Each structure stands twice: as C-alpha cells, then as structure tokens.
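Shared between the two complexes below is chain A, which pairs with chain B and chain C, respectively.
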Partner chain A sequence: MMAGGKSSAMFRPRTVGEAVEMLAAAHESGTAVALLGGGTDLVPALRSGERSAETVVALRRVLELRVRGAGADSLTIGAGVTYTDLDGWSLSPGLARAARVVGSVQIRNTGTVGGALGSARPGGDLLTFLTAADAEVLTVSPRGPERMPLPRFLADGLAPDALVTAVRLARPGGPQVYLKIGGRQAAYPAVVSCAVLVDRVRHRLTCAIGGVGLLPVRMGEAERYARDEVDWSTGTVSSSAARRFGDLVVEAAARVSPALPAGPRGSAEYRWHAAGVLAGRAFARCLHLTAPPVGEPARGSAAGGQP
Partner chain B sequence: MTAVSADGLDAAAGGTDRGDAGVDGTGREKAGTDGTGRGEAETDGAGGGESYRLHVDGFLRTVSGAWIGDSLLTVLRDVLGVTAVKDACEQGRCGACSVLLDGRLAASCTVLAADADGSRVVTVAGLGGSGLTRAVRAMFLAEGAVQCGFCTPGFVVAVTDLLTRHPDADEEEIREALAGNICRCTGYGRIVAAVRAVQAERGILPPGDTPTPGDAPSRPDGG
Partner chain C sequence: MGGEVVSGGIGRSVRRPDGPDKVSGAFPYAGDLRVPGMLQARTLRSPHPRARIGRIDTAAARRLPGVAAVVTAADVPGVATYGLIVADQPVFAATEVRYAGEPVAAVAAVDAATARRALAAIEVDYEPLRPSTDPERVLAADAEPLHPAGNLFREIDIRHGEPGVDGPVVVEDHYVVGMQDQAFLAPEAALVSPAADGGVDLRVATQWLHSDREQLAACLGIPENLVRLTLAGVGGAFGGREDVTVQIHGALLARAAGAPVRIAYDRVESFLGHPHRHPARMWFRHTATADGELVSVQARLVMDGGAYASSSPAVLANAVTHAAGPYRVPHARLHGVVVRTNNPPCGAMRGFGVPQVTIGHEAQMDRLADALGLDPVELRARNAVRPGDVLPTGQVLGAPLPARELIQLVAARPLPPPPAADVTGLARPGGLPAAAEPGRVRRGVGYALAYKNLLFSEGMDDSSAARVRLDLTDDGTPRVRVHSACAEVGQGFVTIAGQIARTELGVEQVDLAPADTAVGSAGSTSASRQTWMSGGAVRGACVAVADRLLARVARAAGLPAEVVEAPRRTLRIAAGEIVGVEAGLRVRLADALAEGPIEADYTFHHRRTTALGADGQGDPHVAFAGAAHRAVVDVDIDLGLVRVVSMALAQDCGTVLNPLSLRGQVEGGTAQGLGLALMEELVTVDGVVTNPNFHDYLLPTIADVPDLDFVAVTEPQPDAPYGVKGVGEAPTCTAAPAIVAAIRAAVGRDLRRVPVRPQDLVDLPTRADVHTAGDASTA
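Then we have the complex of A and B:
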C-alpha cells in the first residue's frame, strides 16, 4: 500500500473501521504517521518543522466521529466535533462555554475535540474542563475499542495504532464555570485556566487547574473542603469559604510536580496566584454566597473580584 | 477488518451535526456504495506528491505533486497563484489568510491542502462584487478601515462571514468575532466603524445610532 522512501501519502478514510486499517497498515510499514483532525495544531507544526509526517490519516470525512449524543446519564462527543459545534450546546453549558472561549472563530470552526486530546497542549481549554468533568476517552485500535479515564489517557499517551473516537462525560448536575487568564485569547493559549463543576445531586464539587503543571491537575484538598463546607440543600456557602477555597488552590498549585517550566508570560508564583483567583471566582459563581459575618472584609485575598 | 463497537458513540440520540460539510459530492470522493478501495492512498506516480482538486473562487483547480504537509495557504499562493490570501504568521493567529472553506471561516494556514480535496474555497476575490460584499468593501474605504491593507482581505472575508451569520451583531460581538484577525495599523476602531456602517446602510442599525468605536469591550474569557 505504501510507496517506499520519502514519498508521502494521504489517507482519507470514511469510516472508523477504514481509519483503523489505514493507521495500522501505515504503522506497520514503519513510516511516520500523523492523525489529522482540524489541523490547527498539526499544520503549523508541519510547516515549522516541529513535527514531520510521511503519512497523514485525515479524519475529517469520518462522519461517525462528528456526532455528539446524549445517554441517560452521560454525554458523548465525537472526536471530530469542532469547538463551534459545541458552542451553545444546551446539554452541557459548561463545555459549551469552554469551547466558546477557545481561540478565534477561525480556530473554533476548524479545531476538534479529538485534536485537543491528541495534541494535549498544557494550555488547552478543553483539557482543563474535561479533567474537572472526570471525562473518559474512547479510543479504537486493531485490538478493539477501549475506554479509559482522561488522566490515564494523558499519562500513557495514544498508542501509535489507535485513534480517539470520542470523549464521554456525565450530564451536568449543577452549575459549571470555566475561566482563564492570559494574552489575546484568539492568538495565544491561556496562561492559567480553571474549571469548577458543581454536582448538586451527588453533593460534589470538582476543580481542575491548567497552566501550572504539564497537564491540568485536580485540586483534591479544595474539593474536599468544598464538599464539607457547602450547604447542599440550598447550594449556599459562606463567602469566607470562597476565599479559603482559593487559598487551598494556591497551596495545591504550588505543590504540583512536575511544574510547567516558567514561560515568558507569568512566573510560577504569578500562575499559582492566578489559579487561586480564578478558582475563588469560579467557586463564587457556582454557589450562592451568604453575606460575610459582620466585621469581616467582603473581599478575600485570593477570591477578589466578584462576578 | 477491525471491529468498531457501537459503544463509541451514542449516535442515535444526538444526530449528526453538519454531517455534510466537507463532502460536497464533487471531485474524486465518489459517493458510491462499494467500500473496496475507497480511501486508498492517492499518490501520484511521478513525484510521489499528492494530487487533488479544489474549487477555488468558483473554479475547479487541480493540484499535483504538492508536498503532503503543505497548508492550503501555501498551495493557494505558491502553487495556484491565488494571492488574494495573505501569508503572515502561519500559526493560525493573525487571520490574514482567512478563507471560507465549505462556507465556514477558516485560517487557510491551519488547513492541510490535501485534506481540503473536493472542498469549496472562497477568498476575498471570490466573494463577488455585489450585495453584502460590495457594502463591506465600500464601507472599509469610506470609514478609513484600510491603512497598509495587508490584513484587509482577511478582514473582509471575516466581516462578510460575521454579517451573513449575525447581521445585527452588536459592537462587542463584532469585536469578539473579529478577534482572529489582527490589524497593526488601525487599532480596530475604524474597522468596527466600517462594520457598523454596513449595518446602518442595510437598515439594521437606526440611522441616528452613531457607533462609538473604541469602547473597551468586556473580556469574553471572564478575566
């Protein structure tokens, strides 16, 4: 199937089955294969030489991957779904919001969910949200389909002969907020991002921070604090709890290892602080804050800036 | 053949969003029923490069022997001589290379040309000289939205796309929708004024509603 030497080939499968066959054949022939979703990461990287590929398997024509659907408890989003497709999706307002603030119209029209997972950029908006959402990644390879938790997928990476078919997350059980901070959104990834998801049914709050570690990290201690502190019958919490929540996130962010190397935008200390600010703000937006006790300042250290 | 479980997607409940995009029935991708051989690598015998066809501004163009990693931008400019798209950042950040790809605004530097096989590509030159596009061009000139002009082709495509989808966009929505296009001359005030002028001409804004460009937009990222 493959020509030898430097020649290159483009595969345009129509079904997931064809894609797996082509990927496996290309992989066996020993050529460098790249999976192409929207291309917003891959194409500039090919141009700059950051990545190379002798064979490209382009997934745009695989209509199975462009479906999103809802089960009784879960939402499944095909790997080929674009950010624009998710914008305004009423079944997951939080995911819709995270997709809405990715890049520019041009990028949102082109970039896909599968590409966000495959590229796994530290500043990826969707990764932070999906980490907080306890998402599962569905992949398929010649060995058949597989499901795995997002952290395992990100830690192990995608097998060279596998492709992501979809991501699955629970239907929302309460407010979900995604916030980020950084340079011009349309041109640069977030420096720090934060997702807070509240599940009023299961009495749970989850929080993930992107931009402090190589991958988004969950804020376990802050989550446990919130679980104990929130009045789950009303969804209210004291305003001092929002400050404490932000402080716990700052502490946890500073402990993340391995830390993301400091870039031109933002020292480590700045990013920890920003994580606390965003977390406190997202926390306050998800829950009803009760008035602070008399004599206590209204603004918290890290949770300043109310919605 | 690999077994692909239906577990992959809850397809029945969700339906297909825009399932037809990218498959326009023309070009080589035949909608035949035989599954055999479809999607085989289509290498061109001579150079080992790709051969594919693009509908560029209404004309069917054949590309042969291009490098597989070439972006749509590179192929448009360097292979097909379509200079209506401008080449600046090549990272999907500046919007100078904006085109409509099967009707959707895209940065052509982030699209793999070989993957656009069979697609309709519309540059500023293919938008036509009447209707909305005429109004956008006229108001860019009338409002001084063009200085060095390098970003203008991308802006005109992006503005036409915006006003097609969202004719009554308010200023904040205009600024957000055009965030993917960078202009280093105007500071954007004149460009927003041009968009407002198009809306006014088309009766979407009340004539007395004087646009006030330059107001700080609220941050869509909540930051």
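Then we have the complex of A and C:
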C-alpha cells in the first residue's frame, strides 16, 4: 500500500475471527500493525510518517462490523458503521445529530464509529456523546470477547491484538442534544462540545463536555442538580435552573484535571464559558422551561459569576 | 484593431482552459508530476526557534540503503544565502538556526519512507538559545543582534504638512493584526532533473520563474542559462510562492544524486516552509475638525518580519505609505519599522502590508465618526481622496480613484432582510451545531474603504517581456502563439493572453506556450500587476506582429513607401482579412502568412516612480485601485460567534477584460479578507507555530462566505493596456475591516485585534471567579 511505504502488507479479512487471527499473528511475530477503518486518521498519519505500519488490516469487508441494531433496552452499533450511516437513524436521534455534524460530508461518508474510539481524539464528536450515554465498548481478542465501560476502554487503550467490534448504549429514554462550536459555520473540529441526555423513565439527566479535559468529562454535580430540580412527572424545570445548570458546568469545567493544554484555538477561560453556554442551551432544549419566578430575568447568560 | 468580429476577445467572459480539469480533479499540479527513476526528497527542519549548531552528522543517513543524496550547508557550491531583496537567508542553516522550521539538511531517497528514515538518522547537535520573539524589544539598545545584518530590516518616517497641528476631535488607540498564512491548497512542489550540460531543469509551482532562476544559479554556482525553469500547475499562491522554498534544495539533491528528484511539501511543511503575512502592532492618532474634516493622522507601526528579510522592506513601504488610507490628510507623521525576530519569516501576501494598516485606519474612522456623531459613510465620503490630491508621500494622486463614489455606492446597495427567528440553524452564528438562540443574536453593519497600490513601487522597473508568433497551422488556418514567463497562479492570464491576441490580430486560435525561462522575465505574479504588465507585453508584441504583417502586405501590394512605413493608417485586420478601404485592398490573413510566420518580442514598462527620499517623500507608486466593502454580520452574544450575513463590494476596476475572471478575483479577495477578520491565524508560542494544519488553522468554507453583491466602477486607467487596473488585492484590504466594523456595531465593543476571536466578544469568567463560585456552591 502506497501510504505505508513499500514494505507494508495489507490484509482484508472478511470476518471478525479472521481479523483477530491476523492481529494475533502480527502481534506474535512482532510486526507493527494498524487497523484501517475509514482511514480518516490513519492514512494521513501514515503519509506524514507520524505512524508507520508493516501490516495494515483493512476492516471494510468485515460485514458483521457494519451492522447497527436495537435490542429491548439497548442499541448496538458496529465499529464499521459510518457517520453517514448514523445520520438520520430514528432509533437514536441524539447520536444521529452528533454524527451529522462530524467533519465534512467526505469524512462522514468514510469515518467510522470504531475509528472514533480507536483514535480517541479529545475533540471527537462521538466520544462526547458516548460519554454522556454511558456507552460500553465491545472488543474481541484471542482471549475472547470483552465488554467494558467507555471510560475504562479509554483509560486502558486497546490491546495490540484486540479489535473494537461495537459500541453499546441504552435506548433513548427522552430528549438528547449534542452541541458544539469550533470557529466557523460548518465542517469544523469541535473546540468545545456538549451532550445532554435525558432519561424520563429513570429520572436522570447526563451531561458530558468535550474540549476542557484530555477526554470528554461528565458533569456530575450539574447532573445531580438537574435530577433534583426537574419535575420528572412533566419534564419541566424553571428557566433559572437552566442558568444554574450552566454555571455548575462552568465551575466543573474549570476544575477538570488534567486540563486540556492551551491550544491555538480558544483560551481555557473561553472554553469553560462556552461549556456553560452550550450546557445551558442543551438543557433548555431537552426540558420544558417554565416561566422564571418574579424578579428574575427571562433569559440570562449561562456564564458564571453573575449574581 | 479589428477585433470586433472575433469571439473571445477582451471584455468577454472567456472560460479558463484549466477550469474543468481543476474542478474534476484531473489538473496536474506540480506535486502530481512523476518521471521514471525519480527520487523523493524530504527536508530536515529545526525544531528550535533559535539554536547554535555544533555538528551535523549525516554519515548514518548516507549509509541507509535507498538513500541517494544528503545535502547540508557544506554542499552549497555557490552563494550560501538567498533572498528576494537581500540574500540573508541560508540555503541550509550552518552555524545557527533562527526560526523553528528552518531547513538544516535535505535528503533524496528511493521512496518517501526511506527519505523519512534518513532524516531521522541525521544527527544535529543543537545548543538552544533564548529566542527573541517580541518585535518591540529587538531594537532596544541592549538587544542582541539575531543576524550579522542586525535586527532592523527597514525604518520609514513620513512627514507631511506641519508637525503638531491637531484638530479638536481626537481618537487614538493600538491595534494588533495576527499572522495570516496564504494557505494555498496545493503545497509547494518541484520536479528537478539534472541535465547533461551540467545544468538543471525544474518544473515548479512558483510566482516568478526568473527570480527563482537568479537565486538558483547564484547558490548552485552555475550560469543562469544552465538553470531552466518551466511553470508546473500552481494551486494558489497569494504571495506565498514568491520566495524560494523547494527550488534550491531540490536542485542540490538532483545534482548530487545524478537523478530526477521530486521535492514536495506536505501540509505541515507548507505552513512552515513559506513566509507569512506580517503580524503588526500599530498605534494611530487621528484628529479632525468639529465638522469632521481630517486634520492630522499619526501612525506608528511595528511589523514582525521574522528571522529573514524576504520582502519585508517593500511590505513596510506599502504599510507606511498607505497608513492614512484613501483620505485627504493635511498633516501626517507615519512611522514604521519592520524588524527581525526568531519568529517565522514573513513576506508577501495578497495586499502586501496594506491589509494590516487598513484594520487600523478604518477602526479609527469609525471611532472618529462616533466621536463626531457622524455617519461612518458620511465621514469617509467627506474625507475621501480625489485625483490631484497630495498624498502623505508628496505623490500627487493620479486619476482615476473614485474613493468617494465607492463608499457611497456600496452604502446604497440593498441591505439583507433582518434576522428571522425561523432561519435554519446553518444560517445562525456557529452553524447548525452551535444552536444559537435567535433572541441572543445581534446584527451589525460595518464599512471599510481602502486603496492599494498597483505594480512594483519605489523606482522598480518590473518590466514584462512577451513573444508573439503568427503563423499557419498544417491545414492553413492562422494561429497565434503567445510565449510569456507570466506565472499563472489562478489570476487569469491563461484567458487574458488569448483575449488580447484575438483582439489585436483578429485570429481565433491562440496557443499559450508553457511559461518558462526560454523567454524574458514577465516579473512576479503579484502586486496586482500581471494583467497590466504582461497583458501590456502581449499587446505590444501583437501590435508589432500586426505592423510587420501589414507592412508585408503593403509592400507586396506595391503601396507607397509611407504606407509601408506606417501601414496602420491605411490597413487594418478584420475578420481574418487585411483590409485597406482607400487602397481597395483585401487580402486573406492566410495568404499574407503563406510567405512565412511573423514573430515579435515586446517588453512592457510602467511609468517610472521614485524611491522614498528624506521624510518619506517621493513618487513611489505607479497607480492605485480603490475598494469599499459593506459587511453585515450576526453575532451570538453568548458565545461570541460571528456569521457574515452579506458582503457588498464596490471596486475601482478600470476596464474589465474578463467579467467572469474579475468576479473570481473579487470573491476570492473578499473570502481571504473574511478569513483574516474571523479565523485565519498562525499562532506561535515562543516562536513555534502551534497550528500548522487545516485542523487548527481554519479557512473559510462555502458555509462562511455569503454571496457577494459586487459593483464594478470601470473608469479606464491611463497608461495601462486598454485602461485596466489590477483587481485581486484591493478587496482583500477592505473585507476584513468592514467585518470588524460590523461586529463592533453588533456588540458595542471596541475591537483592537484581528482575527477577532469569540473570546474577545464575551465576558469571560476568570479563574478566581470560577473558584470562588465553586467554593460557594459547595459550602
């Protein structure tokens, strides 16, 4: 394959079993192996020399990875499912919305769920959504299949002889919103992202923020505040609660450790602020806001610090 | 001449011949060129912004199988340095590196992966030194010189009128412009082949073949006639290909290896490899009468040239001479320096020093309008320069320059409808994913007026040569062949050359020969100059060919000697014929050419200008083009996100040779100015670029750039062929300040920095705020 230089070999397994055998063989022989999904991260990295691989295992022909399905309580999305496949998926409107704003149409046509997990870019749109969704990652290795919570997967990384086969999350139990900003009108990597998922059945709201830590972070305190503040019988909440929710997110974002190192786009303070605004907006979109008590402004900035 | 019946002449929207291939992906850019046996080159660059080099050991790299050549400073046979204006930049750093990304060595190998391994095998002992990255400190008396030539590239001090005369209304402030990159889409590339005669042949994407040749020959230590360049497909330039990048390294490698070498940058290397737009720190003080007549303008500019000179001295001259803008200013003191630092080198970029000062003088005009309670359009119209006015340099402004008309025209364009609550998410600031709330979006309208000099300035005779040959094809059809070294970088010479030849010679078939160094220099494709200069050269050569042909016909027809001497008075070319009504003569072009082809060379010169003398006085600029933009923006006031809703442009274009091509230039110039206003900035930390990729260096996309409402003012420019003006740069100068003004109007904040960042438009929590709030909430 051209991108990896003359010495690389490309394998194109047709089943997960074959893929794992190839990975195991490569691992045993000590060859550097790379998994190729949509190639949106790997191909540029190979071209620039940032990564090198003697063996590339291309997964597109593994049809079982390209399946998405629904069980009674959960959704399972194969690692080979593309963002375009997810866009418009009625069973998971929130995920569909997150997938729809990834990169450009070309990226969405080729980039996969497995790649989002494998590359684990901190600004990755799907990662923020899956963090809020309490997703589990399914892998297969010569030791058999394994299933682990997303945070553990992200902390431990993928074993060199293992393959992500799918990601699993609960079926939506209420509104789900994914928002992000990033410096232009479209086709941008997120500077700050926010996912809010409401579970009307379990009386639960979850919120993850991307762009303040090395990986997306759950906003535990804001989630607990929401749980107590929302009227779960009607799904309503006071509009001042949306502001407070945003303020709590700003405070939590500022405390994230380790913080994402300063980058060329957006100061740390701006990213905290934006996290609060996006969280306040997402919160308001997921819940019915009731009129504020007398004396409160109808709608305020979600920035912290105001009385 | 009799071009009226030939299609595809001047004034027509002739389509680019390379258009379909570029759109479909078939166009061969320089980086797409391949030849059998070709080697792949890579360049080793310094990771340090400043370091002493102890030792460079290439032995291990040379021993690697597949490595054909490794070159360093020790392998440069000729002059060790190069540069557009002064040769102060080493081909490879030898003893000291002065910016992060400076080339130290290059290798050629059988493939890119081997070349990369070879780079990793080169050992360089760097002793890092403390970089000087603050342009305001490098001129201090105790500042260390960063180069034997010192830290000052140039200083200009223009004194105009009387010192100390002020009006009663004063506005004064500091402004900062960040480092924009040309960010052309096809990275630098050349294919270099060693020749049997000891010379070297290059196919390269560049803006100026003959300047490349001169610098190549000097560094290779061989005569210029042994260095032959042919233009390869160029994917954008915007000034970023005016400096040498891949050329000398590729030639050294090809000669060392004795084999053709492809040297092509990837995106990161492109961002590090060419000079950028100068960042600027500017102070302005404007004073006016209570009626809103400008009395005085003071400006102090500090431009950061980075580690090497590139075109810094000329950029500064543009910045300082344009610092007061296209306004009548009785008294001015305009001072500027461009300095050396350990930041990346800066040089030519579309607008060439003018976009920076336009940010300053236009913000000042708006603030002056506020202070006076005047409409910003009215203040500009009242003070706009008119032909015959004396500019701060003492230069008398030539006609046409309809500055007043431009700002009034653009202000009269219909405004877009107000923001509707039901607009789709994509039409809100931040697009679909930001979910701006309509109730938290504010609209603003802003204006900018500027002028930009055309062609090279300060006494430069940047002439352009062209050769035109008129002959018959094998089937006996007349054909024109135009040969010019004009680099087509997207500006449209590929259509203009043919349009001119058709108009002058009445021949439909025009072939444009590849641009190369087998013909005289056409000068640089920059400074809005090629349609005027190389267009003028093509026209001059066509006229000479026509004169010879007419003389031939007159002679053959036995017409009197005075007709043969000046045949144009009697004969003309029309519809493929030579017609002399009085002489009763009618000869088919094909018959007149049966005797043999006719060829002529012509070199076009613009009017002479003068260097800036004492007090910055002189006649430095050939001519100017004016532009005025109106921007309408929507701002999400919670997130500080900006969407440009509409842009209107009125521009002083001279005679329009190709309306479609003009449209492309002004739309592109507007988009590039929009990028400068809102997003395009190379961010350096201690001299190191932190975002050399399209992930973090954002360019406007089609979702960011609204349709352009464009009005061309077409008063012809005297002395220019057909009355043309260059059109590519002026709109780049006005788009950014108009957008900044619109944002200022929307949010009610003075904006002193470009690009405007979201964080500049909102109140941010401080670390202390947040921690106090956090403590309170947990208490």
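The rule is simple: the second predicted complex is superposed on the first by the 291 of 307 C-alpha atoms of A that agree within 3 Å, B and C clash if a C-alpha of one lies under 4 Å from a C-alpha of the other, contacts with A are read in each partner's own complex, and residues count from 1 in each chain.
Here is the rule we go by: contacts are C-beta pairs under 8 Å (C-beta built on N, C-alpha and C of every residue); 3 or more make two chains touch, one makes a residue touch a chain.
This structure is a prediction, so every number in the text was calculated from the model and none was measured.
After superposing on the shared chain, does chain C or chain B touch more chain A residues?
B
Looking at the overlay, what does A:189 touch: chain B (first), chain C (second), both, or neither?
Touch partner of A:189: chain C, not chain B.
For A:267, decide between first (touching chain B), second (touching chain C), both and neither.
second
For A:47 in the superposed arrangement: first (chain B), second (chain C), both or neither?
both
In the overlaid three-chain picture, which partner chain does A:78 touch, first (chain B) or second (chain C), both, or neither?
The first partner, chain B, only.
Applying the touch criterion given at the start, work out whether A:251 contacts chain B, chain C, both or neither, answering first, second, both or neither.
Second partner only, chain C.
Between chain B and chain C, whom does A:16 touch in the aligned arrangement: first, second, both, or neither?
Once the two structures are laid over each other on A, A:16 reaches chain B alone.
Could you say whether A:181 touches chain B, chain C, both of them, or neither, answering first, second, both or neither?
It touches chain B and chain C both.
May I ask you to decide whether A:101 touches chain B, chain C, both, or neither, giving the answer as first, second, both or neither?
So A:101 meets both chain B and chain C here.
For chain A, what residues appear in both contact lists, the one with chain B and the one with chain C?
After superposing on chain A, chain A residues 5-7, 47-48, 52, 100-101, 179-182, 184-188, 190, 278, 281 contact both chain B and chain C.
Along chain A, where are the residues that touch chain C in the complex?
4-7, 47-49, 52, 100-101, 177-190, 221, 247-248, 250-251, 254-255, 263-267, 269-270, 272-274, 277-278, 281-282, 285, 299, 301-305
Which bits of chain B are touching chain A when the two form their complex?
Per the touch definition, chain B meets chain A at residues 1-5, 7-19, 22-23, 29, 35, 38-43, 48-50, 52, 67-69, 71, 74, 90-95, 98, 101, 104-107, 109-112, 114-115, 117, 158, 161-162, 177, 179-182, 220-223.
If we count contacts the way the header does, which residues on chain A are in touch with chain B in the complex?
1-3, 5-18, 20-22, 24, 36, 38-40, 42-44, 46-48, 52-56, 58, 60-61, 63-64, 66-71, 74, 76, 78, 81, 84-85, 100-101, 103-107, 109-110, 138, 140-142, 144-145, 147, 165-166, 179-182, 184-188, 190, 278, 281
For the complex, which residues does chain C have touching chain A?
Chain C residues touching chain A: 111-114, 116, 266, 268, 426, 430-435, 437, 439-440, 638-641, 643, 678-679, 681, 683, 690-691, 695-698, 700-701, 703-704, 757-759, 762-767, 769-771, 773-774, 777.
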